[in-house]
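Here come two complexes built around subunit A, the first alongside subunit B, the second alongside subunit C.
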Partner chain A sequence: MHLFVQATIVGILFGGVYALIASGQAIIFGVTRTVNFAQAIFTILCAYLSYTLFTDFGIDPFLSILVLVPAMFAFGIGIYVLLLRRLSRSGAELGLLVLYGLGIGIQGVLDFVYKTNTQVITPSYANNSWTVAGYQIPEVRFFAFLLAVAVLGTLQLIRQRTKLGRALRATTQNPVASRLLGVDVERISAIGMGLGVAAAGAAGGVFGMILPFNGNTQYDLLSKLLSIAVLGGLLSMPGTIVAAVILGVVESVVAATISPDWSAFSFLVVLFAVLIIRPQGLFGRRLRGAL
Partner chain B sequence: MVSNVARSGWAALACLAAALSLAACSTSAANSSAGSKTASGPPLVIGVSMSLSGDFATLANPALKGYKLWASTVNAKGGLLGRKVSLKIVDDASNPTQVVTNYENLITADHVNLVFGPFSSLLTVPAATIAKRFGYAFIEPSGGAPQVFALHLHNLFLAQPAPIVSSGDAFANYILSLPTAQRPRTAAYPSADDPFTQAIVGEIRQRLQAAGIKTVYSTTYAAETVDLSPVVTRLVAAKPDLLVSGTGGADAVAEVKGMVQAHFTPKFVFFTGGPNDPTFPAQVGPANAEGIFSTGDWFPQAKTAGNAAFEKAYVAKYGGTAAKIDPAAAEAFACGQLLELVAHRYGKVDNATIISALHHGTWPTVEGNLSWNADGSPRGSDIVVQWVHGQLLPVYPSAQALTKPIAKPAWAG
Partner chain C sequence: MTRPGPHSRIRPAGTIQAVAFVAVVAVLPLVTGQHWLVSLLVFTVMYAGLASAWNLLGGYAGYPALGHGAFFGVGAYAMAIGTSHLGVGGGYRPFVLIVPIAVGTALVVLPIARLLLRTRAAAFAVLSITLMFMVQTLAYNIRSLTGGSSGLIVPLAPFPAATFERPFYYAMAALLALTLAVCWVVRTSKLGLALNAVRDDEDRARGLGVQTELVKLVAFAVSAGLTAAFGAVWAYYISFLYPGFAIDPLLALGAILMAFLGGRRTLWGPVVGAALIGPAQQYFAYRFGASQLYLVAYAALFLLVIYLLPEGIVPSLARRLRRLRRASPAAATHDQVATDSIFSAGDLG
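Up next is the complex of A and B:
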């Protein structure tokens, strides 16, 4: 039982970070109808930037988020304006390919600049943990989880309580009707892209303190993000968050109690089971031609 | 008249240039090593398929440096038997299919004179088979898994003192050399799902179990896994005295971080890979590296043949310090040294001569004195290394040790 609870704690904490990255992907899909295959490399890019800010300038990774989030927000808008806007009438498939290519290109640049050695960010508190009722709570994972909750809460507030949020939701639900009602869909889509990439930036800032990473880490992360997107429903923020936590917990618990060999497979079992019962995902709605 | 003067001037300059060239040649010849002359013949082209991209790119990079360093070193001495060494390096993207294509092209299209091996056992197996088909000698730096020697290829030579499966033997010997009271009673054996690490861990486990050391946890995980927290959770629950972990690098770092966070320090910690990386202490925290064991085929202070010159040349070419040289660089460098030795002893370096020569006698390299069985597996053994006071030092067997093993201190946090 102790093993199960400890693994669940670890799974929930890292599931929060997955949720942060995946929610950005959900926002981007909502406004562009394109699955962002570059979301994982955006996270790794920010892990590297956080690494540089820490090792060269002594800036704490949590503080580096204050720099990374606005920078990635602008980067996301730039990607939309320069790449995706022009392709929006050519179908989502082309945008998907462009983002996939962008991801490979960014990895190439990262491999060139940082080499392909695995990196890890180790501030003085990186290995600290608390013992609560006999269970270990790693400080970094805990604060990363809090960060994820704070960012996701802020995103949810923006979506639910602001004009921008209403426009975002409207664009997500029906871009044509939104345009008819006077929403500047392209501007909202650009902002949505910026928010989605900024979410990856926030997660990337702390990712390197939790796990070792290099450019290739994007592929493992990407496979998880796609699984979360399918499980949670491509357009559902709550679904994405729940799916991310399920992924974190299932992988952690199965790895600890049965075998790490079965952890990824067991998540896929959950994924397939949900898809058989609800093909649109846990919280999703049917969306023809989404992929 | 002007024209004649000009012609005379040019003639004088030409004579001067010729004289300087001759002088340069004689100086170069004087500086060249035994067995080599001034590089004047056609270049000796050596084909190599390397993982410049893909999963192995990071790990293969030091081997690439080792090859290039040897080529520049031997060329600085006048080449090999009077021929400049030229490496033709092609990228296999860490892909076993691409590596086959690469060696076929190198041999049949590029007509390289010789080949050296790629990085990893995964790529060595198909590559060595191609080399065998065309009668090429296959000196290789890193393909040491059992699958490589199971091919029983007469043309294959691993430029390391011991095959991978035996690289943990020295650590098992060390544990079994301890007085019974000091030996661990329980052990855990997590390993990446990788033929290298599983073979090493399996061998150690078999020997320690036979000696009565109880296995309390054993598992495998996907080789690309970097989140080892579930494994650490199980480790902490099992509380082994000894951790023998089949790691490749990033997973070793993740395991240490997990154990530090869990405040659990086994009495003995052994990783198959990771601690040998000079950046390991920086990744886990210098104090946390202290006392961690691994095994190695090469270490900076080794008194092996040409090692001091190798380290000096490496630092001059790539910067850093000798302590930061990755052993994979030494392994690749040793491949080149073997060619030099064959050239020196036999006066030729064709493939048949190399294959025949290396199956006889002992060959001193930076990797030690190498000799091989008929299947290309080396006959020597690795050494146990441990992080001691910030240095990765050989600690066992005592004949090669620079210091005694230390007890694993508690994690520093």
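Up next is the complex of A and C:
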């Protein structure tokens, strides 16, 4: 029982990081109707960048977020303007392949620059933890969770309380009607893409402190992000967050009680089980269209 | 259906294409004795087949399948386990296993396909690749059967060293011919029309009485079974399996790239795409290893194809030819039908 609770605590804390990355993916899907197959490699890219900032310049990974978030925001807008905008007429399904291809290209560049050894960012507090009522709470995971809550809270405030947020939600619901009502859909989609990629930027550093990574780790993370996306219903922010925390907990509990080998697999089983009952995911609506 | 006359499914030009294609493919490996060249041909023919098999589901039915690496891997591991554990014997005998492997994969995949096909578009793409990750995890974890991350050795084939690749080449070529024949039958039958309708508007097709569930399942199972058959030959050829290589996310991406370049939804498009990209891919891998620059070149090519040739070579050429013919009416009277069917582009039916 102690083991179970301990694993659940650790799982919820890391589930926050998954929620952060996957929410970015959900925002991007909302405005572009494209599943961002490159969200995983964006996260790894930021993990590498904060690794460099830490080892070469001594900047703490939590501080490097202040640089990485704006940089990734601009990067996301650039991708939308250069790659995705042109596809909007010929079908968003193509965008998925474009981002997948882009992700593989970025992996190639990362492998070239950083070689393929796995890295992990190790600041002085990397292995510290507090003991609360007999349970270990790792400091890095705790702060990572706080960061995720802060960023997700900010995103939610933007979405619910600002004019930009209203335009974002309108574009997600119905781009054509939004355009008729005076929303600059292209601009909003670019900003949405920027916000989504920036979420990966915010998560990269903490991801790199918690899990060892290299370019090829993108597939591991990608499979998790995609599972979260489908389980959460692709568009829904609450659905994505719930699915991400479930993934974190299932993964951690299975790793602690059965074997780490099966932790990712167990979540995929959960995913397929849910799909038998609800093909649209936990919170999703039916989608139509084809490649 | 062998009605004679202009309505027959078998057209003279099509027959000429088929015969010429078989002749070229049969003679190619005899031209050169260079091992690396023949090996390159083996992989090119394999990719032509994989891209054509993908086309059944991803092209004709319009379901963006990204996880064909799973079926390829299942075929490969089935071959390895069949030869090493079941004692099928060496030499040409393992080739016999291809048939049960293909049929078995097609049948086993049915319930999974039924589940996946409840989703569409992006969700289907995501689930198909998720399935591939599941199979890869199984290959890593069921060590008693697959050897896990230390890999699995298939007994080396006892073929003469000078022509070692030939049996594998002809096995791949025979499978390619079979795949193209299946594609041709699908295109010229009611099944092709039904898949076409599913791609255009699945809900309306169902409303009009098309058995959408059934045709989707058939396309999925046949596509998966053929892919597994190629995996089986591949396993015997390279004689060493490792989960990361046998079940590779890049396999489906390669097949898709070739289908896009040549023209998805066309019969010859995937073959044309594979003929152009396959050798380049092998050369890159040979030249740079499975390394970083290879991935960058691959990604760049992928983006170039999607942005510069979104329709693919075969449909673009077909349109250009049609325009030429319209420009010179004298030529148009000659063999309208023949030229149309050489580049059987665009939609079916």
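Please note the rule applied: the second predicted complex is superposed on the first by the 287 of 291 C-alpha atoms of A that agree within 3 Å, B and C clash if a C-alpha of one lies under 4 Å from a C-alpha of the other, contacts with A are read in each partner's own complex, and residues count from 1 in each chain.
In this text, a contact is a pair of C-beta atoms (placed from the backbone, for glycine too) under 8 Å apart; a residue touches a chain by one contact, two chains touch by 3 or more.
This structure is a prediction, so every number in the text was calculated from the model and none was measured.
Legend: residue contacts after superposition of the two complexes on their common chain; A:29 is shown touching subunit C, with no touch to subunit B.
Of the two partner chains placed by the overlay, subunit B and subunit C both lie in contact with A:111.
In the superposed pair of complexes, A:120 makes contact with subunit B only, with no contact to subunit C.
In the superposition on chain A, contact of A:160 is made with neither subunit B nor subunit C.
Look at A:96: by the touch rule set out above, it reaches subunit C but stays clear of subunit B. By the touch criterion stated above, A:173 is placed in contact with neither subunit B nor subunit C. By the document's definition of touching, of the two partners only subunit B reaches A:260; subunit C does not. Contacts of A:129 after superposition: subunit B is touched, whereas subunit C is not reached.
Taking subunit A as the reference chain, the count of touched residues is higher for C when subunit B and subunit C are set side by side.
Looking at subunit A, you'll find residues 111, 261, 264 touch subunit B in one structure and subunit C in the other. Against subunit A, in their complex, subunit C makes its touches with residues 58, 61-64, 66, 115, 118-123, 125-127, 129-130, 133-134, 137-138, 140-141, 198-199, 202-203, 249-250, 253, 256, 291-300, 302-303, 306-307, 310.
Interface of subunit A with subunit C (complex): residues 29, 33-35, 83, 86, 90, 92-94, 96-98, 100-102, 104-112, 219, 223, 226-227, 229-230, 234, 261-262, 264-265, 268, 271-272, 275-276, 279-281, 284, 287-291. Interface of subunit B with subunit A (complex): residues 55, 57-58, 61, 193, 219-222, 224-227, 229-231, 233-234, 236-237, 249-250, 253-254, 257, 260-263, 279, 282-285, 288, 411, 413.
On subunit A, the positions that touch subunit B within their shared complex are 2-3, 6-7, 10, 14, 111, 115-120, 122, 126-129, 131, 136, 138, 210-214, 216-217, 220, 251-256, 259-261, 263-264.
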